[in-house]
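Heads up, there are several structures right after this.
What follows is chain A paired twice: with chain B in the first complex and chain C in the second.
Here is the complex of A and B:
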């Protein structure tokens, strides 16, 4: 487990650097099962920072989303680095953003955190109900101890951790300048059992499933806002000219939106599950992305967010590429 | 003249004789089109592409003041240039033309006349929807540098270079190996005329080296090429020969004295003959300059050669040998490029059942050429099994030739016919008959394809000379016994005409290996972004009408790099490629594509996907000042862009779009064709 004091010390040191303008990490939220993101600019704020299994959010999303404000005439743009704390899964977002030239490696200071799992809010609420109290948590190889306002409850890991943690293959950050804690051993593998399970459905059942799920969508665009890979200046779904997707929230336009998003993430989704986590109407968005991930892996032997030197999948071509994807 | 706010569209429906008219109810389409928004004129004509057809358009533009024209006829691949010219002649921007393909995409593929007519109406309506949004584009011309780069100096490269040089243009010839000549120089005789290959080739080799307009760079490789049609810049690496090129007289004393003389397999002899570490690949090599093989030379690879130092240095009179020599990079500019990189023969490792690797008397066709060549290791005598000193050996008594090795064979991934094997095996059978009148010669074939001028006659002659043709594709070739003195091979085969399984005994088997794309073809593909056809050879721009052009303007193909062919076909294609390159250079100017991609820098996120997918390296990322912040955005080089649209497909935010095919121009078309809300 990461020593919080060490983490805060390193953050303080990093924020004191002249070439760092801000640091993104996690702080204790006032209530609920998820920690809040913390964006710090001053070393004196560093003692707010924490890391425990409530630190679910992917801070890498913020790097490329930072608004580039107009620079007043005569002034130089602020080109100082952004420091960011990342878990193993979060770090894949940084790798993929580097592949896509969202920024340069020199523009970020990566503080890596070896992680052995984070809490799924929905699972926790099912077990313990919604809470207005502050939550802390600890995890070891078998159990997770959840402290809900002083009331400590212990559960099996598999009952409360995010699904992505249960099949996590990259618990240690794939890119980092400093490692805040000892590397941990990989405990799981990904056999795409969830995709297999989904594919057992008949086309009619799948249609019904998506009809139900996507009809719920209110098009708040939280999923695209939180996604570390969605950082176009203007997303095609909100473009007016030409208008690919109308704004109405009917099944046709909702499906168009979600399918378009899935396609745009093909070979790019690093499976941090942020889209599904933030969905206010509980659409299992990851089911689409997971299917795409498996197709990409099986057909092209490609995994995004692993190698910063890799060519982007959809921008590379090989005459031997399989063509089975043409449906 | 053009009022873009108030489009006046002319719609012209072509009957194409009966091609369209017999299926589509043309008057009904004309009637339908006349009621569409913005349409001022709607007409029909039997052949729109004919002179009167085009005049119809011109007159309407002048009299009616049309500012958009739609021709509903065949594929734009066919007549778009024709009608663009019509518009231009009438003083209208040629890109105000839109074509609706109601032939290939409608009348030719539908049987139900009523439905075909409905579809034609929709296609015309879609064209109208797009025509309202068409933009005027500017056509530009760039100068063509009057020089050509020829890559590869086999017969194709040599012929192309000579033709262009004779026309008075500068040619740079780059050849990878130490000598020009290519595969043709390795051959003994050529079918069906039995000309000595070297005798007809060497004069051309000498011409290439001596021509005042040709700069020949042997033992050199193209490293980098940039630019576009008319304006290429190339970097060529001249590899170090470790021999002073200007002073070497080609006397050969160095090679005689080399400590490794006769101990290194010679690539030119297909490894069945030997050379030294300093060598001339073959006696007639051009240029006649020696080269040191840096990987084998003791001095260069080990830093030490004998006690007294390198013997070649001591032997060389003019003192040409220079172990300190470095590779040299030459930069040139050229307007056109001819790729003539040739082929490799089928690698026998892929067909282990024929026992090529284990048996010295199983030879590929090319190895056999060297065996019977007067300049080959045995001086042209068909002797096998000689010892290291070149003594002993035996003459084969029973010779088997096998057709289609590595060609027409799905199991090794080559479905195509290599086009030369039938005839070269017939020629080789004749050569053996000539040299060994008593030998028993059998050819195992699948089919005999003797399609060229004089081929069938030659095949007939060879059969009359007592060469037996047995129809069957051998399954296996192996040694009869373990006795090292017994050279007998067993060819296991079924005579498919009689259905008899045979075990044919032979003491020399010649494999008619096919032609494959060069193993290093990738290097050229990466340099020029060329495409390959399914057989792996370079893809021409059009299989019938543009057989020497490529999708990259100014880059032409000659010889076997485009597909297997014999020498006359190669020479013909080389002359074709030379003529195509000459057209550009003689005219001196070239039109560049007007329908290029454009970037909206405000929406570009600088991910560079477009840069990666662009087959023409037309896009780069450049710094852009976005309200004081420096960001990277894509920028299109309009001279390089061909408007293929790959970038637009890769772009996630729709920031890059090909002109005339922008999303906002296509979506209204789709809306018309699709279900309306």
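Here is the complex of A and C:
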């Protein structure tokens, strides 16, 4: 794991650079199993930064969120960079944003962190119950030690890590200017067993499952707000003219919303699982994205967020694309 | 009166090939099934998969997207993009339990009036088999 002292020193050094405007990382939250995101502007704040398995949030979501205010006449726009700390999965979001030219590579300073896994809050709450205390955690090759306000509990890491970590293929950042800590070995692989399992259902069972799940949706749009790939200034689901999805939360509109969300992430989703993590009503949103990821991989041999030079999937084509259903 | 299920098919036809093909089918007095409601778009690449979801919400039982043959697109490559899109959208709809027979795509050129008739007949037969679309149809039309 990463030495926190080294991490804070590097952050301090980065923040004191003239060409860096702010740094996004993680700090200890007041309570609960998840660390809070930290947006720092001054080098003196750097000692609150941490990295441990509670750092679930994807800081790459914040890069494109900054409001771009009009520059007053006579002033130069602020062209300083944003520094961001990323785990392996978060770095894929940056790569994909670079593919889509959301910003230039020179606009960000990436501090990469090799990561073995992060805690799933829902799994932890199932094991230890909800907590009002501050949580720290440590992970090694076998076990996760969770320190809940001084009370240390050790569990097998398969029982508490996020699902994405149990099939993580990129534990080391794919893009980074500085690597904090040594590279770690890949310990898991992705065989899409969960999608295969889902596909065994009949169409009626599938719809019954989605009818049940999507009816819960309250359309808070957390999933789209937190998504590092949803950075459009005006989103198609909230625009009024034309209004594609109505705002009522019945199953028709909810299904349309979730279908269009999954569709807009086809060939772009980098599986950071933020959407599912933030969902207040526990909809398994990733099941839709996982299906898309697998189809994209099988049909077009394309993987988002790996190669910053690649063409975006749906903005390119191959004359030999499959067309077996076309009459 | 026995009522047989008559499906509603929304067809998005490209202006340059398929719409002309449908026109040819009409002018040559070919009888194709009247279940299909045609919407003319400039290119099959213009059809946003949201159109499709919206059509299914608003009472369509099946959708047909039709464009020029690959390589014949008036805008050179629009139908290639459309092909990728609807391939994915079909898989996504299949994943939520919508029968993939409801999403159809075809290449019909301006001279293929007879093919357009065959396509429409086949789509209508397929959708008739899977029955009415009642999964996420809008229940409150005037809300």
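Simple rule for what comes next: the second predicted complex is superposed on the first by the 323 of 327 C-alpha atoms of A that agree within 3 Å, B and C clash if a C-alpha of one lies under 4 Å from a C-alpha of the other, contacts with A are read in each partner's own complex, and residues count from 1 in each chain.
Here is the rule we use: a residue touches a chain if its C-beta (ideal position, glycine included) is under 8 Å from a C-beta of that chain, and two chains touch if they have at least 3 such contacts.
Remember, predicted model here, so these are calculated numbers, not experimental data.
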Which of chain B and chain C A:21 touches, first, second, both or neither: neither
Partner chain(s) touched by A:77 [first = chain B, second = chain C, both, neither]: first
Touching partner for A:102 - first (chain B), second (chain C), both, neither: first
Partner chain(s) touched by A:234 [first = chain B, second = chain C, both, neither]: first
Partner with the higher number of touched chain A residues, chain C or chain B: C
Partner chain in contact with A:319 - chain B first, chain C second, else both or neither: both
Which superposed partner A:219 touches (first chain B, second chain C, both, neither): neither
Chain A residues contacted in one complex by chain B, in the other by chain C: 236, 244, 314-315, 317, 319
Residue ranges of chain B touching chain A (in the complex, touch as defined): 532, 602-613, 621, 626-632, 650, 652-655, 663-664, 667
Residues of chain A that touch chain C when the two form their complex: 198-199, 203-211, 236, 244, 246, 248, 250-253, 255-256, 259-260, 262-263, 266-267, 287-288, 291-292, 295-296, 299-300, 313-315, 317-319, 321-323, 325-327
For the chain C and chain A complex, residues of the former touching the latter: 49-50, 53-54, 57, 70-71, 77, 80-81, 83-85, 87-100, 104-107, 119, 122-123, 135-140, 143
Of all residues in chain A, those that touch chain B in their complex: 68-73, 75, 77, 100-102, 231-236, 239, 241-242, 244, 264, 311-312, 314-317, 319
